[in-house]
Structure formats: structure tokens, C-alpha cells
Amino acid sequence: MKVGVYICHCGVNIANMVDIPKVVEAISGQTNVAVCKEYQYMCSDPGQNMIRKDIEDMGLDRVVVAACSPRMHEPTFRATVADAGMNPYCFEMANIREQCSWVHEDKEEATQKAIDLVKSSVARASLLEPLQSTEIPVTHSALVIGGGIAGIQAALDIANSGFKTYLVEKEPSIGGRMAQFDKTFPTLDCAACILTPKMVDVARHPNIDLLTYSEVEHIDGSIGNFHVQIKKKPRYVDPDLCTGCGLCAEACRLKGRISSEFDMGIGKRGAIYVPFPQAVPLLYTIDPENCLLLKHGKCGKSPKCEDICDPGAIRFDQEEEHIDIDVGAIVVATGYNEFSPVVKEEYGYGKFKNVMTGLELERIFSPSGPTGGNPIINGTEPKNIVFISCVGSRDKRIGNPYCSRVCCMYIAKQAHLLKEKIPDANITVMYTDMRAFGKGYEEFYERVQKEGIRYRRGNAAEVYEEDDLLFVRAEDTLLGEPYELPADLVVLGTGLVPSPDADSIGQMLHLSRSADKFFLEAHPKLRPVDTVIDGVFLAGAAQGPKDIPDSVAQASGAASHVVNLLVKEKIHAEPIIAEINEDACVGCKTCIVLCPYEAPLYDDEKKVVTINRAVCKGCGSCAAACPSGSIKMNHFKNEQIVAQILEVI
Amino acid sequence: MTEEFKPKIVGFLCNWCCYAGADMAGTSRMKYPSNIRIIRVMCSSRINTEMIIKAFQTGADAVFIGGCHFGDCHYVDGNYRTKKRIDVLKRLLSHMGIEQERLRLEWVSAAEGEKFSKTMAEFTDTITSLGPSPLREIKEEAI
Amino acid sequence: MEPELRDYVGELLDSGTVAGVLALKDELGAVKPYLFTKNNEIGDLVLTSKYPLASVMSMLQKEDPSIKLAIVCRGCDERALIELAKRNQINLDNIVFVGIPCDEEMADKCNCLQPYPKEIVTGEKLSNWVPKNNYEDFKNMSTEEKLIFWKGQLEKCNKCYGCRNACPLCFCSDCELENALWVKHGRLPPEFPIYHVIRAFHLAGKCVGCGECENACPVGIPLMTLNHLLREDIKDLFGYMTGQDIEDENPINTKEEY
Amino acid sequence: MKYAFFPGCIAKNVYPGIEKATRLVSAKLGIDLVDYEYSCCPPPGVIACYDKDSWLTLGARNLSLSEKDNHDIMTICAGCYGTLHNVWHTLKQDQDKMEFVNEHLSRIDTEYKGNIRPVHFVDLLSKMRDEIKQNKEIDLDFRVAVHYGCHYLKPSDVTGENSEAPKILDEIVSLLGCESVPFKDRLTCCGAGGGVMSGEPDLSLKIIDRKLKNIEKADVDCIINICSFCHMNFDQSQKKLHAYDIPVLHLNQLLGLAFGFKHKHLGLHTNLVSTRDIVKKVKGAKRESMK
Amino acid sequence: MEEKTVESIVNEGRAYACIQCGKCTGSCPSGRECGLRTRKVIHMARLGMDIYKTEELWDCTTCYTCQERCPKDVKITDIIIELRNMAVKNSFYPTMAEVPKIIIQNLYSTGNGQPLSPEVSKIRSIIGLNKEPLDASTNKDTLKKFQKLLDGLPLMQWGETQ
């Protein structure tokens, strides 16, 4: 063992407070120390060359540099020693600047501390082991879960980079929530006009395998190599034969008798249906919950859909399919649901027929919606309309303390659209705070106020009905006066909650949730699209309430992370990770409980735990808790740390 | 004992928060007593009880553990485990007759240089007034 | 109690519910653990003493994981089996519990907190049982006195590893107490107090209070004092008691805040 | 079933018909009532607003009386319920307050432990639907406006009730054949609480005037309440306002009528607002049910 | 127990979380008829103003609707009650706070806030109840003990200062 020790003056930064010759003298005699030198600036070229030369000339196998913080120059010197052919993990640094010369005032004490720290580093370096990073092959394909705008964007971006992409959507069509919207704020683009071309692109893309009416059942594996099982629910329609002509839906005995999910229950459909006319794929689907034949075994003499379908696409004998795929990376884009305002009983949703949610109104506006885009609510055109903001947002009582980010603006948009359709309408928005933070949002807010929409600060207290008319009670907090407004339509600015599918997907992928129940990103500022599970990324409202541009931006971000991964033939796994001594492991699974990354895996055959090198992050938590000491934390082994302890006391 | 008592303190600092906080104290030139000897680990949860007790056994008057604030752990939730482990160990030490003040756990973020230096000054004071570790005396007797 | 139990156990064997019953056997006055597999042996089944049967059960299962066995168990045996199951050392699905309570004399001897299993096959459980010794004398000592106390006690230690060997929860094949990094080899008594601190900490959230370690100690170190206090601490800090439910994780290892 | 009976000042000393009705109805339903030397609850809006700690102490004294016999304490007034339930809840959670209370109670050799629970009569009724149906002799075909009383419902994190859409009272009146008629603002305060009725009578009258106007519009036969204090406010305020003529009945009086008790035994004739029309309707209904 | 301050009341009632949405005022049955603006009461308390000196504080009927609906879970009614306690402790008695003193006197002399009148006593016996109900005033010793309890309570101290 030959350790080279290099003490840096850092100009006067260290040398002024630490008596460097004294340090050199103290270290020179230490066990294993082959050479101990001092220099003005170790990080400079001549400094680095000095080390390289000594490694080559003297055959040093460990190097210690006593200088600044390893957080500053450890990478620099690791590269230096590697240049000279030494394993970079055999390098060690003693921090005698940030944690010594800069913070102490007594030269003698600082010098003694510097000696202790360098000795401790030498002792540690003597026990360091050369480490090699392992290589893991990468499967060059990706899975995107959720076919809303975020999932669509992510899938297109990945596929356009040349990688096979599986897009899984549980509904019969992709499009997600955005497909339900009429127009988008603040530009008032028609949502369908900008979304449907993308949907078609997805369907036609040679690199995209679109799996609609399908659900992810099981996921295992890790970064670079996930194994996924997908359940394809039976549509009872042969996708190759269905032309999307729609004669079957016309013929269905239940036509117009089943609430349409897509129309938020306002519109009706039959048992065989497409959710909306621009659906992709344009394939009809039989709803087994309602279809007379599937549910009761009998539909008149014979099912009318089957009778009328010339190509013979109806297949009542179709069965569930299970597909296994391998992918290198996963994008989770499970989106959101509208908050159900039933629990906010003071607003009378579900009790008073003219109280509706934002998303319901969106369907009323839509030209393809149940009223053909005419603003007819329960048969009449409303004249007095009140919007209530923050329903299910910023509300601790119902457990949604967060701001839903989009409600202020969609209320402004809907108020504008209503005013456009009903010019003589009285429209009042009761709001808590106005949050118009995006590009063009504040301007749009001004525009709708100019159009005569009245904004009154103060959230609605309650809605009551008297003589078939609704009244909304509130305080105008700027006037400090309580008031009541009559209304023939009350629109609740309902907030966003995570999609219920997030539960199962989250469990399968072991993703954490933040307090708001949306998926937790790896870092709130710097890694907003990553998760703590390597190879799994987030896009869109699955991570938190988001508007369309933010969802699209995040989706592209997630896609670029996926592509960064998939372009590699192999990924290098950091060698500073935990290793298990399988002979000593008793399989008590303590480490499995501890690890946030699912790195320890139980081997049922061997009855021991193994460590998945690809996902271990090297925190060492498991090594500290392993009762039998079977887990070794590379580069931070017990004996390496104890050697340091012994030297500093 | 005529010689002035200078406590020996071993500090185990997590790389991401507390170690960076100590660096921050350095770059900001915030002075604190030189008693602590810092050992860097990646996460405060890497520290096992054996190491801590070994430090005491070897003659440390006190042990300091520094990690990230809850919610900031680089490894999601390692610091929750650290807290639990240290809380139990503190009780165990006091049952053994070792003042639990000798073991201190603090959360220091990378930005909290000031907190780090203040904590060091305060901790050194505490230990100075407590006097040398009883284990150190036992060790010296044995020699 | 015994005749009733013998009938019960005999029925378990006759009906084929289990392939064997782990219990204690009297062999010419010496009591030892024994796996009863035939009804005609059952006359030798006794309850007169206490023995850490949980670890024996663990060994039996390791030999044949599929075998279904019954165990005549006391409160501490049951708790130990539950703790072992939590740590994947035993499969409760293949165990039939034949619960018996401890009498006052036994409960006193171990200063047991819960001298009965969840379900009792025969015998009366001690109702409103409160252990007599709550270690007040020790708790009332000053820190310095505690140190002196332990120093005196631990000086007796001859590192026979009896405490560990008797412990039903010590299942590791490699033991940190034999790691020279922590406990120097060839030194008696072991350096104060690392050996015993490591052992006590390893049992935090694990110890079921059976008292076997203290029983096994040839030099009479009051090891249960430490274990008992730590059990109280764990309850105080996390509201956690060992051996209650297999679903309860050792709180020291979980991420939940407390 | 045995309960300590806490009638409260109003039902004892102002509208004794409510106390009487409760005793009659309880006997029919097989609920044994035990009396204790209770003081006033004391009122949540007045005494608690003056000094909360004293309020807790006096409330705890009441609770401690039947605690000795291990009887849960039953109230028939939302106000009394509000106090006793809130005191029970607070002392269960707050060790400091519990110490304070017991320090004072020890001066009169009393101790409160927290072993019994306060309940409202209506909570018992909700579990005795069959018994109510069995004991019903007359099907009362009334249109009624029900009034819950704020302190029975709120704060819901203490009471456990659904404060925005309670149902129990509506369900019980419908068991008796009555229709609970919806009316505007049916859950708002009657205006009596918080010391407002005594301290600011004008404000209190304004609040109840609005309430009565809404009830009048609903065209009901009577107001049904489960709070003696609201009961008093509804009855007296109609006279003070020189307007309205809506009879006011405590739920227990309504139960009494349905169980076949004479209106005079239920003290209906002691109300300020005449209950004559109600009594007439009962007689009519009785004839109907005889047929 | 520690002396309460406006600040401690704000913290205990979690009023720091208030977003001034006004749902409280809009829900207030009393505020519709008078000058009580619940939202403003909370805001003033948060600013550390001497809110307990305002008369509006006594307009609240303690119906708890505001607290019930507060999206930020601010314990609004509980805060109002604490502020009233504080007003009384600081000898700030607006006119409407005067009346409870009569109630306190009744409580002291009869054990009841609302004592029994001779007229009602008569009604009681007519409808078949005891002329006088069994309560704290029935038994002289009980009443004395009750008074002894009251004598030592802060409530009586405030009652006397006026």
C-alpha cells in the first residue's frame, strides 16, 4: 500500500491558518504514507501533474489530497488519478479549508485539526477498494400510461426520436380531458381542432403501438428493463372489420338511454358507442355493463347491432387479452379527475338541478355535446349566472388544501363564452383570489371584465333555492358587505384531484405521492419530471394540477428524459452502492422495509435478499440496519468509517 | 485536572445537506470552535449504532449527527430512520449512565451555514460543561 | 391443566391436523423440548417449566418448510413466533398455536408484562396482571449511579454469548457481536459497554420480554433491566409493542413520523 | 335502558310541558330516567363567552353527578347538549383543562373522570324506530317545519353530525306521519344563542323574524324543535313581534301527541302561541285512526 | 394555564391560515342583520389589533356555521368565544355583555340561569310534575356546595368587578 498525500495551501486560504509544514511532518511518518508534499494550488495543472507523475513514478495506489471540500474538487482529482491509471475510487480528500482554516481562529488548534483530518483520510484511503461501475443493457422502447394530451405528447416525442412506444389508454379513445373541452384559455383555440390532429398522428405513427381500452396489470423490472403486462379489455368489436360507420349505435335498443361518461352524464349514448365523433381509434365498443345480450343473455330475437353490421364486426365472443411487453422507460400520465362537489353540500350540487360543474358546462358548450353547443340548461337559456371559484381547492375541510391552478382561468373562459352566446346575460364570478399567472392570462382576465363580467371578491357561502330560482349568498369582501344574488345557473369552479387509476399504477411502480395525493417528483425544483424510481417519469396532471401548455411542456420534458435513456446501448450503474453477502443474509427483509427504491429484492429460491444494482442509490440506510451486518456499503464500509473514527479521536 | 478540558467531538454529516451546510459556514467564514472532526457519509441513515458507540468507546466526548430536514432527504426518507434510531439510542445511552446530551442530531440544510456554526458553538459549550465522557475516563483507567 | 392439554394435543395428532406437536417432555425427571408425533407418547408431555420453543420451531421449519406443526406455547413463545414471522424466519400458516397461560410464580419470575398468549386452550389467564417489578429502583438512580451500576455488572461478563444463544429473536448466522471491528477479540471483560449496547439496540423493537437471556447468563447480569427499559421506550416513543400483530412493522425501520 | 335525565332550565322552569312530555314518552319507550341535582348546563353562548374555564368546571360538575352511577347523561335541548358534549369532548382531549377542572371540583369533594357520555334524546330515538312505530297511536298528518338547533349539529368535528344535510329529525317526524316541509334557510340559527337574545334583543328578533317569514311561506302546521332554548325563542318572539301564528312544539311533545297523550298533559296549552289548531287536527286524526 | 393573548388565540384557532375568502361572513345569520363581519374580526385578530374591544364581537350567536364552512379549517367561533373571554378579563363590557351578569346572579342564587317563577311552578303541578323540579336548588347543602364551587371560579371574579 503506497499512499501519496498532497497538502494544498490554497494560496493563503489554508496556509494562513494551518501550519502546513507541521502537517507534512506529522503525516510523513504515518503508516502507508509513501510521500507527503505541499503545494500552492493542488487543483492547478502543475498540482495535478505532480500527482499524476508520482503515481506513475512511485506506483502510488492511493492518493489523498488535503484541500477544499470534496463537494468542490473530488470529481477533479478523481479524474486526475484515473488519468494516471489509478482507480478513481481509491482517491480520498481531506477538507481542511471550508471545515478548518476558514472557520477557526486559533492557528495551533486549526493545525491540530488539519493533522487529524488528514490522518483520518489516510487511514480511510488505505482501506478504500477499487470499484468498477457495472453496465446494464437498455431495452429501446418506452411505455406511456395515459392517453390524454400529456401522454399523447410524450408518446409522439419519443416515437419521433425513433423509439418504439406503447401508449396505453383505459378508455375506448385517446384524447383525455382535453377532448372534452370546447375552447382553451386564453387563446380560445378550439380544443378539438388542436388536439385531434395529434390524436390522428398517434394512431398513424409507425413507432407507436396504441393500446386503447387497455389497462396496465403488472410491472416489474427496473430502469432499462421493465416487464409490463397489459390487459386488453374486449370491445366485442373486431377492430379490423369495424369501419366506424355507426349504424350499430343507431340500431342499438338502448340508444340514448345510457349516461355518456364523455358528456359528464348530461348526454346519452347506447350500449354500443364511440365516446365522441372524433374518437381515435374510431372503433365502436360494446359496454358490457349495459349491453342487454352481455348482461342478460338476451337482446330481442337477435342483437340489432349484429344484424345491421354488414362487415360482421360484432364479436360477442371476444375475450380479454393479456399482452407482455418489455420497455426501457415508463412515462406516467394518468391525469386528473374533476373534484366531485357532492360533499360541498352548502352549494346544493346534486340537489338543485341548475347547479353544475365546470366540466359539465364545458360539454354544454361543445358543438359535439348534448345540446349541440347551445347554452341550454335544463331546457332554458340562463340569464343570471354565478360562477363560484375554489370548489374543492384550497379547502382543508375536504382534504384538498392545494390550489388547482386552472379554475380561475377556465371560469374566465367559460364566463366569456357564455357572454358571447348570451349577450344579455348577467354573469358574476365569486372568487377567493384571482390567479392569472400564465402567459396572456392577466390580459384575458382584463378582457372578460371589459366584456361586462362582474368579478366580486369573496367566495360564495351557500346556494339556496326559492320558487325555482337559485340564490347565492356571499360577502363582497372588498365592500365588507354580505349580499345575495339570484341565479338561474350556478357553475362550480371545481378543482382537480388525481385520477383514481393513480392508485394502482402508483402501487405497481412503487411511486410516492405528495401530500396532495398527486405523484411525487424526485425534486420539486430541479427534477420535476423524474421520480425516485429510475426510468419512470411523470407527465401532466398526474404530478399536480396543470393547464394544457404546462402539461405539454412537462410531457416533452419527460419524453426527452426517456430518449436520453433509450439512446444509450448500456447504462452505467454507480458503483457506490450496497452489496450483500448472500452467505450471511438470513432473509429477514429489514432492508426491504427501509429502502425507498426497492433495491433489495427477496429471492424466494435462495431465501436471501439480493440488491438490484441498477436502482440502488447508495444511501447506506440498509447497511446500517442489517442485523447480521450482511450488507456492505461500498466506499462507506464499516471498517473505512471506523478507521476514520480511530484517527480523529 | 489542571489542563483545560477540550471536548473531542465526532461529527457524522450527510453529504447533501449538513456537510454542505458546514461548507457554507466555511465559505461564509463563520467561526466556530475547532473541536469537531467531521466524517462524511452519503446519508445520515448510514450511521449505525455500532459506529456511534465505537466513537464513544474510543474516547469521543460527544457525537454529532447532521442530516437534512424532513422532506429534503436526498434519499427520500432516510432521515426519518436516523431520527428514530438516534432517539432510541439516546434513551439506551442514558440507561447505561451516559448523558444523552452527548449525542446530538440536527437537521441542517445546505444553506444553513449559520445554523451549523451556531450549533457547533452551542454543542461545544454543552459538552464542555458536562465534562469528559465517563467512557473516556474508564478507558484511561484501564490503560 | 396437563391432562386436558394432553387430550387436546392428542386430538390434533389423531385428526391429522398436524404432523407433530412441539412441547416439553419429561424424560426421567429431565425436561427437554420434544416433537410429539404419536399419541402414545403424549403421557410424557409436561408444562412444568419454560423453554424457548420458538427457536426450536424455527429450526424444525427450516428442515421441512411444508410440515404443519403445533406448538404448545406461552405468551412469550407466541410473541417470539410473531416477531420471527415478521422477519421471515418462520411461517405462521404452518403453525397451530396451543396456547397456555403462565401461573403467577412463573410470571413473577420473568417479571412478564403479558404472561399469556392471545388464545388459551387450557388454564386460566392471570387477570389484571401487573408485573411487580417496574425497575423503579434503577430508574431512580442518577446517571452517574447507573454508570457505576453497569460497570460493576458488566465487569462480570465473560463473553460466553449465552444471552445471544438463548434469545429466540437472535437468528442471524453472522453476528455483529463477533465482529472484531466492534468487539475486540480475546479481551475479557469486553470493553465497557459496547457489547451490551449493541445487543440491546439490536433487540429494540424485537425483544418480547421472555427473560431467556438473563436466565442464561452464568454470572447473573440483570440483562432484562435494559431490555425492559428499552421496551418501555419503544412504547413511549412509537406506541409499539412487540409480538402483537404480524402486520405491525418494527417502527424503527419504517419511515412514518411519530 | 337507564339514562340520567338532564332537563335543562327552560324545560324545567319555563316550558315544563317539554319535561313532562319527555317523561311520558320515555316511559312508553322503555327508557328509565334518573334525576340528579343538576345545575344549569351552563349555557354555551353566555357563560362560555364570559369565562370558558368556569363553564367547563360547572359542566363537569353536572357530568360528574351521574358518573358515580355510570349512567350516560341525556339532554333534550341542543344548548344543554352543546355544553355537556363540548365539555366532555374538551376535557377528553385537554389534560391541562382536566386538571384545572378537577382542582376546583376537589374543593367540593367531587371528581370528574370522563367515563360517561352526553347524548341527545334524538340520538336515542334514531335507534328506536321500531318502538316509535309500535307506540304510535295516531298518525299525525302535519306539515311541519323542523328546527335542529345549532349546538346539536355543530361544530361537526365535535358532534359528528352532518351539519349541512342532517336527516334524523326529518325521519322521526315522518315516522309519526308528518311531512317535513323544506323551507328557505332551514338550518340557520334562530337568533337566540351567544347571549344575543338577552344582550341584544333587537338583533335577535331580526334574525328570528326572517326565519319565521320563511317558515310562514312554507305554510306549515307547526314548528318542531329539539332545543328548549330555540323553542322558547320561537314561541316568545312571535308575541314580541306581534306577528305570525305558528304553533311551536318540542319533538317530544309531538311524539306525545302521536302516542296518544292529551295535549294538556303535554303542556301545549301553556305556549304563548296558541296550539288550538294543532289540537283540533289531532282530534280529527284520532277519529280517523279509530275508524 | 398560560395567559391568553390575541396572538395565542390566533395560533390556537389556526387563524393564520385565513385567506379572507369571506365564506364566514356570507354564512353568518347575524351579519345579515347587523355590522358583524366575521372575516374582518379574524383579520383584525391576525393583525394583533384589539379586536376584543369591538362591540360587533357580541353580535355572534355562536351558531358555528362560519367555523363549519371555513375552507381553511379556522376555528372561527371558538376564536370569537376566546376573544369574548379576553374582553371580559380586560374589563371591557359592552352593553350586551352586561346582561349575562343577571344570568350569573341567577345561577348563583338558584343554580339555574333561568330560575323558576311562581307561575310556572303552578303550571308544573297542574300538568302533573313536581311543583319544584329536582335540581341543585332542591337541597340546601347541594346549593351551598354549588355556591362554594362558584365562589372560587374566575367567572365570579369577573362578575364582581362590575
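Note that the chains are named A, B, C, D and E in the order they appear, and that numbering of residues resets to 1 at the start of each chain.
By our rule, a residue touches a chain if its C-beta (ideal position, glycine included) is under 8 Å from a C-beta of that chain, and two chains touch if they have at least 3 such contacts.
As the structure is a prediction and not an experimental result, all values here were calculated from the model.
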Smallest count of steps, each to a touching chain, taking chain A to chain E: 1
For chain D, the least number of touch steps when starting out from chain B: 2
Chain closest to the middle, measuring from C-alpha centroids that were averaged per chain: A
Pair exhibiting more inter-chain C-beta contacts, B-C or A-B: A-B
Whole-Å separation of chain centres (CA-atom averages), chain A against chain D: 53
Distance between the centres, which are taken as Cα means, of chain D and chain C, whole angstrom: 58
Mean-CA-position distance for chain E and chain D (Å): 19
Chain C: positions in contact with at least two other chains: 176, 181, 253-255
Per-residue multi-chain contacts in chain D, two or more chains: 164, 185
Interface hub residues of chain E, defined as touching at least two other chains: 32
Interchain contacts, given as pairs of chains that touch: A-B, A-C, A-D, A-E, B-C, D-E
Interfacial residue positions of chain A with respect to chain D in the complex: 345-346, 464, 466
Residues of chain E defined as touching chain D within the complex: 1, 29-30, 32-34, 58-65, 67-68, 75, 77-78, 81-82, 84-85, 88-89, 95-100, 102-104, 107, 111-117, 120, 123-124, 127-129, 133-136, 138-139, 142, 145-146, 148-150, 152-156, 158-159
Chain C - residues contacting chain A, complex: 87-89, 171-176, 179, 181, 202, 249-250, 253-255
Touching residues on chain C, where the partner in the complex is chain B: 143-151, 176, 181-182, 191-194, 196-198, 200-201, 204-205, 225-226, 229-230, 233-234, 237-238, 251-258
Residue ranges of chain D in contact with chain E within the complex: 7, 9-10, 12-14, 16-17, 19-20, 23, 35-40, 42-55, 57-58, 61, 96-97, 100, 104-105, 107-108, 150-151, 153-156, 163-164, 185, 187-189, 191-196, 198-200, 203-204, 206-207, 210, 264-267, 270
